[in-house]
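Mind having a look at this structure? Questions to follow.
So that you can tell them apart, the chains are marked A, B, C, D, E and F in the order they are listed, and the count of residues begins at 1 in each.
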Amino acid sequence: MIALLLRDLRLSFRAGGGFGLGLAFFLLVAVLVPLGVGPEGGTLAKIAPGILWVGALLACLLSLDRIFALDFEDGSLDLLATAPLPLEGAVAVKAAAHWLVTGLPLTLASPVLGLLLFLPERGYLWLVVSLAIGTPALSIIGAFGAALTVGLKRGGLLLGLLVLPLYVPTLIFGAEVVKRGAAGMEIGTPLAMLAAITAGATALLPFAAAAALRINLR
Amino acid sequence: MIALLLRDLRLSFRAGGGFGLGLAFFLLVAVLVPLGVGPEGGTLAKIAPGILWVGALLACLLSLDRIFALDFEDGSLDLLATAPLPLEGAVAVKAAAHWLVTGLPLTLASPVLGLLLFLPERGYLWLVVSLAIGTPALSIIGAFGAALTVGLKRGGLLLGLLVLPLYVPTLIFGAEVVKRGAAGMEIGTPLAMLAAITAGATALLPFAAAAALRINLR
Amino acid sequence: MELVVSDLAVERGGLVVLAGVSFRLAAGGALVLRGPNGVGKTTLLRTLAGLQPAVAGSVSVPPESLAYASHADGLKAVLTVTENLAFWAAVYGTGAGAVAGAMQRMNLAALAERRAANLSAGQKRRLGLARLLVTGRPIWVLDEPTVSLDAASVELFAWVLRAHLASGGAALIATHIDLGLPEAEVLELAPFRADGPALAVAGGFDDSFDGAFG
Amino acid sequence: MELVVSDLAVERGGLVVLAGVSFRLAAGGALVLRGPNGVGKTTLLRTLAGLQPAVAGSVSVPPESLAYASHADGLKAVLTVTENLAFWAAVYGTGAGAVAGAMQRMNLAALAERRAANLSAGQKRRLGLARLLVTGRPIWVLDEPTVSLDAASVELFAWVLRAHLASGGAALIATHIDLGLPEAEVLELAPFRADGPALAVAGGFDDSFDGAFG
Amino acid sequence: MSIWEYANPKKFMQTSAWALPGLIVLTVVCMAVGLVWGFFFTPDDYKQGSTVKIIYLHVPAAMMAINAWAMMLVTSLIWVVRRHHVSALAAKAAAPIGLTFTLIALATGALWGQPMWGTWWAWDPRLTSFLVLCLFYLGYIALWKAIENPDTAADLTAVLCVVGSVFALLSRYAVNFWNQGLHQGASLSLDKEENVSDVFWQPLVICIAGFVLLFVTLVLVRTRTEIRARRLAALLSRERLA
Amino acid sequence: MMPDLGKYTFAVLASYGATIVLLVALVAVSFWQRARVKRALAEVEARAGKSDG
């Protein structure tokens, strides 16, 4: 398991930058939106929580299809499935590796981007907290979607279509936490829900994803 | 050339839906942003032009790495490069195929999404016009980026990082056209600039992209 | 430690391709599967490896004793030779000693720090075979293992295989090339080919309503 | 119609792997390149095909006369056998007749409507070889063409190759397996191997500041 | 006799062939009566004017859009647990119907919203969750289309349906955080006192029945088509082998 | 005959129109597919029957 985690981390560092890129994409979204929307501080501050969360989500999405597709293409997924390693565990580990190279750096960098979008001061803490709690759910849900589409070449867009609706609750609760946080309101319920989604997804989805993988390898 | 165009179109239809999926992603961005930002009509109307353009851009981006990567992996790019077909032409044709399955349907569907984001009524025409003129530039610029990153596995995020800055002028002028159009202002200059970008990119970038491909195949 | 296959039928793309395959592979034995292209060798091996369910018949094999090597080598292009092997050694829990030994035996020591992307076709294949050695599994299930290998490497492989058999291992090999293993038994698969309409997935849905349309 | 290679040096990964290779391939001739794994056969063929520049020496070949087939077959998994071939026929401007002929000759007619994804390894390879036929090019440059082929298919290929030579074609083939073509000349590449640090890409960037550090 | 007998394609084909003619007639009658009554013979509402007539389309379509997904969930589970092919094919057959109903509910809702709320669209919880449902339908159908092997496709779409249902419920709950929304609350309840007046209610019930019947009929027709298509594919590949 | 829809004519007519178009399209597609598959199956069954017997 640890070997798999290390391998996946190493692979994403070697092949085109790991950490750097998820982050860079997030940054780009945060830069492009003001470019597209225009520079008024008031509007930007209002949409900042939502845009930051949408950006995080898209940054995750863009790297999702790599979770299994590369291993499928070069045959290592076959070999992993026949290895003495529960496939559920492999899925969980791969999702964790994905989180470490996308979700985590994104969370750490988010305050800087909040700055670019004029996020109100009170919001920063909650931005970081909500991303820290919510992004693991994005990775594990994404791993499920990737497992569903692993056999298909050009699965990228299909994957997006399948996964984004699944991201909706996480997005809403996550953005809600930041919005309420920024407005100085009570954030207990959405935060609890966010945590519940992450916990539930982490507990159950690896099984669904492993089942999907087995079906796809058949 | 026509054979290549037909093949690429056929490939994208066969493998996971072609038209439908680029569109679906665009739709998802237009849906997710309000989910993240919240439901107030005024704010949404203000950011609609920018968000729609950013969405179009991301929808393009997500399918970019497929322009050459699949052909590279299965060896057909080697074969294409040795075929009696100028590589520049092949690049242009592949970009055109990409536009037909992403940019075009996206342009046609944009009014519906304008609705979801409460785009002011006067803006619809200009939304469609600006996308129709601007999205070809997105495809051709994207093809250039894809050519640069074709050798790299997990090139997806790197590609995004390379291409998005190149997209900035298109995005700014495109969104500006829509914004001015929606506000009833004069749109001549940004529209002319948008057209100039598309024309220039179409004329020059295939050469750069073909050069990049040749280097990557070496 | 014995692989027993009895009356096995395997399917690909919803059609039974082989039926009635039976054999028994004991420790120390090697069995070469032969048959024309498309007869179903790969399908049979994947079924044995547990990657797809059998249509009929049974496979009995001690748990955790199979190591499968497919057409594709499952190498990571950006990892070095050592890293590739070390990963599988960790997965199979065999440790670093196994890695060094396998590299020695498959003549990969000189390439240890080379990335897999920079290997030639035959070198990649050698690395793929070295992976088998680090699994520490007794029964090898190999799909055309000597593809792209030069004569010297084929010999090296035969030699490694003999050592494996001598130490109580067993091997099931699908191949079109002569491996230089006269002691191996040969199973010709062509007679088990299941064609003719009668054998479309037996008992499957597609057949269960023959005649429903009058 | 002649391929003349003189004193060619080719590099891979910044290192010269082969140097001083010279040969001449005339119409009707076949040349088999042999050499241990990693000697540089693939690199040489890619250089001839124009995919990478030569380090030294020259290649003279009539324009638009080469057809290159690499380790990978360049098949599109979601297209059918016919569609795959028809595409290349259109690119090379040889038309639908060529497709039908090629399928006939490579024994693919029965698989015409099958998607490439659903072919076995050997069937894929046959399809890859059929592509050569639809190019209509006289000089074939082949990298291990018979990998995964069964004995019957190897024979079929030899037969097709002979017909190609008889009709004034030529073929340059890297292989480890005996093709059953006694009339082909053989060029052993091992003697041209360029090792030793002295040969790091001559005149390249790495050399241009030799001695810069005292 | 157990209900599972109908999972046998032969039995299913026989029974559905027997039931279909009657169902088609009933559907046509119900739809025609309901819609004609609703459109031509109901009064205008004092508040909503003639737009109440949209209710006869909007409410049944919205109800059936949700019920179709529920039916797909049940049949998917049956496939996963008991592996009856007919139920997998029924789920596949139902998806485009559900999608159409969703689109009808969205379109009529939008057209109704313009005069009532002054906007085509609002990010109201009920509307939003419906949009999400629409996306689930699209994803589900796209996944069926994308996979070639029918059993693989059945398995994967079933998994998607189950997981998707959980997340659809979650989003329904999540969007409630925004506001109560513009949309009407439940107005059809069994408690007669709370119901809209009988003049609107009676044709509405007939319309709902019509939509239910239409759904059942179409599911049967499309499932029969899917079964035949499976049979066709099997025969064709046999021919190729022989 | 036609009820007076007042100022909401467009909304009501468009709703009915859109619904009917969508439903008719769905029904048409369903039955068209049914006919197509049925015909193809009949052809193949006839062929199979001939070669068998």
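Throughout what follows, a residue touches a chain if its C-beta (ideal position, glycine included) is under 8 Å from a C-beta of that chain, and two chains touch if they have at least 3 such contacts.
Quick caveat: nothing in here was measured; it's all calculated off a predicted structure.
Asks: What's the minimum number of touch steps needed to get from subunit C to subunit E?
Replies: Contact-graph shortest path, subunit C to subunit E, evaluates to 1.
Asks: Taking shared residue numbers divided by all residue numbers at the interface, is the value for subunit A and subunit B over half (same) or under half (different)?
Replies: Homomeric contact, same residues on both sides for the most part.
Asks: Roughly how far is subunit B from subunit C, centre to centre by C-alpha average, rounded to an integer in Å?
Replies: 44
Asks: In whole angstrom, what separates the CA-based centres of subunit D and subunit E?
Replies: So the centre of subunit D lies 57 Å away from the centre of subunit E.
Asks: List the centre-to-centre spacing of subunit A and subunit F in whole Å, with centres computed as mean CA coordinates.
Replies: Computed value for the inter-centroid distance: 42 Å.
Asks: Which positions in subunit B are in touch with at least two other chains?
Replies: 11, 15-17, 21, 24, 28, 34-35, 38, 153
Asks: Residue numbers in subunit D touching 2 or more other chains?
Replies: If we look for residues of subunit D contacting two or more partner chains, we find 71, 77-78.
Asks: Indicate the residues of subunit F shared as contacts by at least two other chains.
Replies: As it turns out, subunit F has residues touching two or more other chains at 41, 45, 48.
Asks: Report the residues of subunit C in contact with subunit A in the complex, numbered from low to high.
Replies: It comes out as residues 46, 49-53, 64, 66-79, 83, 86-88, 90-93, 131.
Asks: Which residues of subunit C touch subunit D in the complex?
Replies: Touching subunit D from subunit C are residues 12-13, 35-38, 40, 42, 71, 118-123, 125-126, 144, 147-153, 176-177.
Asks: Spell out the part of subunit B that touches subunit A in their complex, as residue ranges.
Replies: Touch residues, subunit B against subunit A: 11-12, 15-17, 21-22, 24-25, 28-29, 32-38, 43, 46-47, 49-51, 53-54, 57-58, 61-63, 65-66, 70, 73, 149, 152-158, 160-161, 164-165, 167-168, 171-172, 175, 179.
Asks: Would you tell me which residues of subunit A are touching subunit C in their complex?
Replies: Spelled out, the residues of subunit A in touch with subunit C are 2-4, 7, 10-11, 14-15, 71, 74-76, 78-85, 217-218.
Asks: Please output the residues of subunit A touching subunit E within their complex, sorted ascending.
Replies: 144, 148-149, 151-152, 155, 158, 161-162, 164-166, 168-169, 172-173, 176, 189-190, 193, 197, 205, 208, 211-212, 215-216, 218
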